Amino acid sequence: MTILYTLDIIGTFAFAISGALVASKKKFDIFGIIIIAFVTAVGGGILRDVMINYYPINWIGDLNYVWTILLAVVFTFLFKSKIEPLRKTMFLFDTIGIAVFTMLGTEKCLNFGLDPFVAVIMGVVSAVMGGVVRDVLTQKTPLIFKKEIYALACFIGSLVFLGLRKIGVPLNLQYTLTITTIIIIRLVVVKYKLELPKIENDLFGLLKK
Amino acid sequence: MTILYTLDIIGTFAFAISGALVASKKKFDIFGIIIIAFVTAVGGGILRDVMINYYPINWIGDLNYVWTILLAVVFTFLFKSKIEPLRKTMFLFDTIGIAVFTMLGTEKCLNFGLDPFVAVIMGVVSAVMGGVVRDVLTQKTPLIFKKEIYALACFIGSLVFLGLRKIGVPLNLQYTLTITTIIIIRLVVVKYKLELPKIENDLFGLLKK
Amino acid sequence: MTILYTLDIIGTFAFAISGALVASKKKFDIFGIIIIAFVTAVGGGILRDVMINYYPINWIGDLNYVWTILLAVVFTFLFKSKIEPLRKTMFLFDTIGIAVFTMLGTEKCLNFGLDPFVAVIMGVVSAVMGGVVRDVLTQKTPLIFKKEIYALACFIGSLVFLGLRKIGVPLNLQYTLTITTIIIIRLVVVKYKLELPKIENDLFGLLKK
């Protein structure tokens, strides 16, 4: 699947840039920036592969990911002031990234013979955990825990993928529909500033009102 | 061992609630809360299983843990205001949790043929690390490093378990005595607000006094 | 290689002390201090071994590391006030530590049949990640991301090691030259307070000047 692979590389590139931008804001030096970019881009996949005991883990099995990340850091270094106004483009890339990561993560676990529900969780882990580790290493509260229904979009997309596979839809359509679902959810969520409920009140608090 | 399994599930439930409460205080959304609850409840076991290369790791091998965690989040969502006054009950559940996690973690490693001292360390890791990851992800200083002799209780319990196994005490008694030991240490420690020494002074500082 | 093993133990000792000092400054109790010392000393190796699926991971395969770490904590407890003025000695030990960790990590991965570039990255991971986890657990911004060209020294040393292996230099010389390279870079960097560039400006910012 060359298109899928291309999208995966684009996602990796976008994730690495997001890591590089956060790290450069924190005044990390160039090597620190590379490490954060690396962790952001492949952290979710590492965690997934380690948990399912898959070997070789993502970036060890295919060094193209490493080159893509290094390219993204160079790119950030050269065009930083141009990237920030391009926030919409970056957001689109990032969204493509999580969509592809979710789907490929889910698929890998299904092909590995894991329970479908485990595969769904692993799809979310693949897409989400890189950003979480980035935020931990740069001492920010992980945003995805608070905003933008990030993980939920991945979760729903992963369920859609599961459903399409069960129905027996052709592979290309499975991929296209899953990715489109996640992208659309993300776009709608961010456009209308939707947020998931928090647990500030409980049942009794709500009943009292 | 149905009783042991039940206690393990109770511990998972208590750990997940503790994660959910911390995350909801940090105003995480419901998906963020689920992730923190999950990590708190199975993080220690994941770390242990990954380090000893045991597969499938805890929650992948038995989805009941995942359902328990989701139930705990729903429970927190419904009864949050009722849980907080129940601090003593929660503390008891949590203590049962660390006791069972310590013992099962130690036993798993011994059955896996590891050195007894490695098994003891892994017992502590199983019980303690979920809470540490929870605190890291919610940007708190991990409490267990400072207070309540949390890890030491697990360590002693694990040693007791080792001793009982060596003596050849019947299995049920091994379990009961180990769990009781950890619970009693925790209760005594918290009741009398005992604390371990810190390294504020050293030998020379102490001699000078 | 007894000399190499000795250096590895010295490095472990130095790393454990650095962990113990940071943790005691944060007022962790003695058990918390042991955990941080442990994580600092073997965290990088754990991460490496888990990623390359090597088993048994470092400290499980050789408990001498664990004893060394416990000894380092006792040492810190006894001589804390004497260690701090010995900053230069400690710095030297620490530098020996990263040099040996880098080289042994790289070598292990090469012997394991991994791609040389992966081996270089893993060498850096072995040397650097223990300190990163220490800083995360004690809520400090990981220093190595900002200062002292820490990771770069390891990276260059690892490349030198690769080169020497390719040329076919005798093993002892490979070891000596690699370790010397890393130590010299570190000494020069710290002496002249060299720093890597950050990404504060980009190409366009530089051109405007």
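Letters A, B and C name the chains as they come in the text, with residue numbers starting at 1 for each one.
Note that a residue touches a chain if its C-beta (ideal position, glycine included) is under 8 Å from a C-beta of that chain, and two chains touch if they have at least 3 such contacts.
From a predicted model like this one, the values you see are computed outputs, not experimental measurements.
Student: For the two copies chain A and chain C, what rotation in degrees overlays their C-alpha atoms? Round to the nearest 5.
Tutor: Superposing the C-alpha atoms of chain A on chain C needs a rotation of 120 degrees.
Student: Taking all residue numbers used at the chain A/chain B interface, answer same if over half belong to both copies and different if under half do.
Tutor: Since fewer than half of the residue numbers are used by both chains, the interface counts as different.
Student: How many angstrom lie between the centres of chain A and chain B, each centre taken as the mean Cα position?
Tutor: Chain A and chain B have C-alpha centres separated by 30 Å.
Student: Please work out the Cα centroid separation of chain A and chain C, and write it as a whole number of Å.
Tutor: 30
Student: If a residue has to touch 2 or more other chains to count, which residues of chain A qualify?
Tutor: If we look for residues of chain A contacting two or more partner chains, we find 50, 53, 136, 139.
Student: Show me the residue ranges of chain A that touch chain B in the complex, using the header's touch definition.
Tutor: 50-53, 114-115, 117-118, 121, 128, 132, 136, 139, 141-142, 144-147, 149-152, 155, 195-205
Student: Help me check something: in the complex, which residues belonging to chain A touch chain C?
Tutor: It comes out as residues 20, 23-24, 26-33, 35-36, 46, 50, 53, 55-57, 60, 63, 66, 76-82, 136-139.
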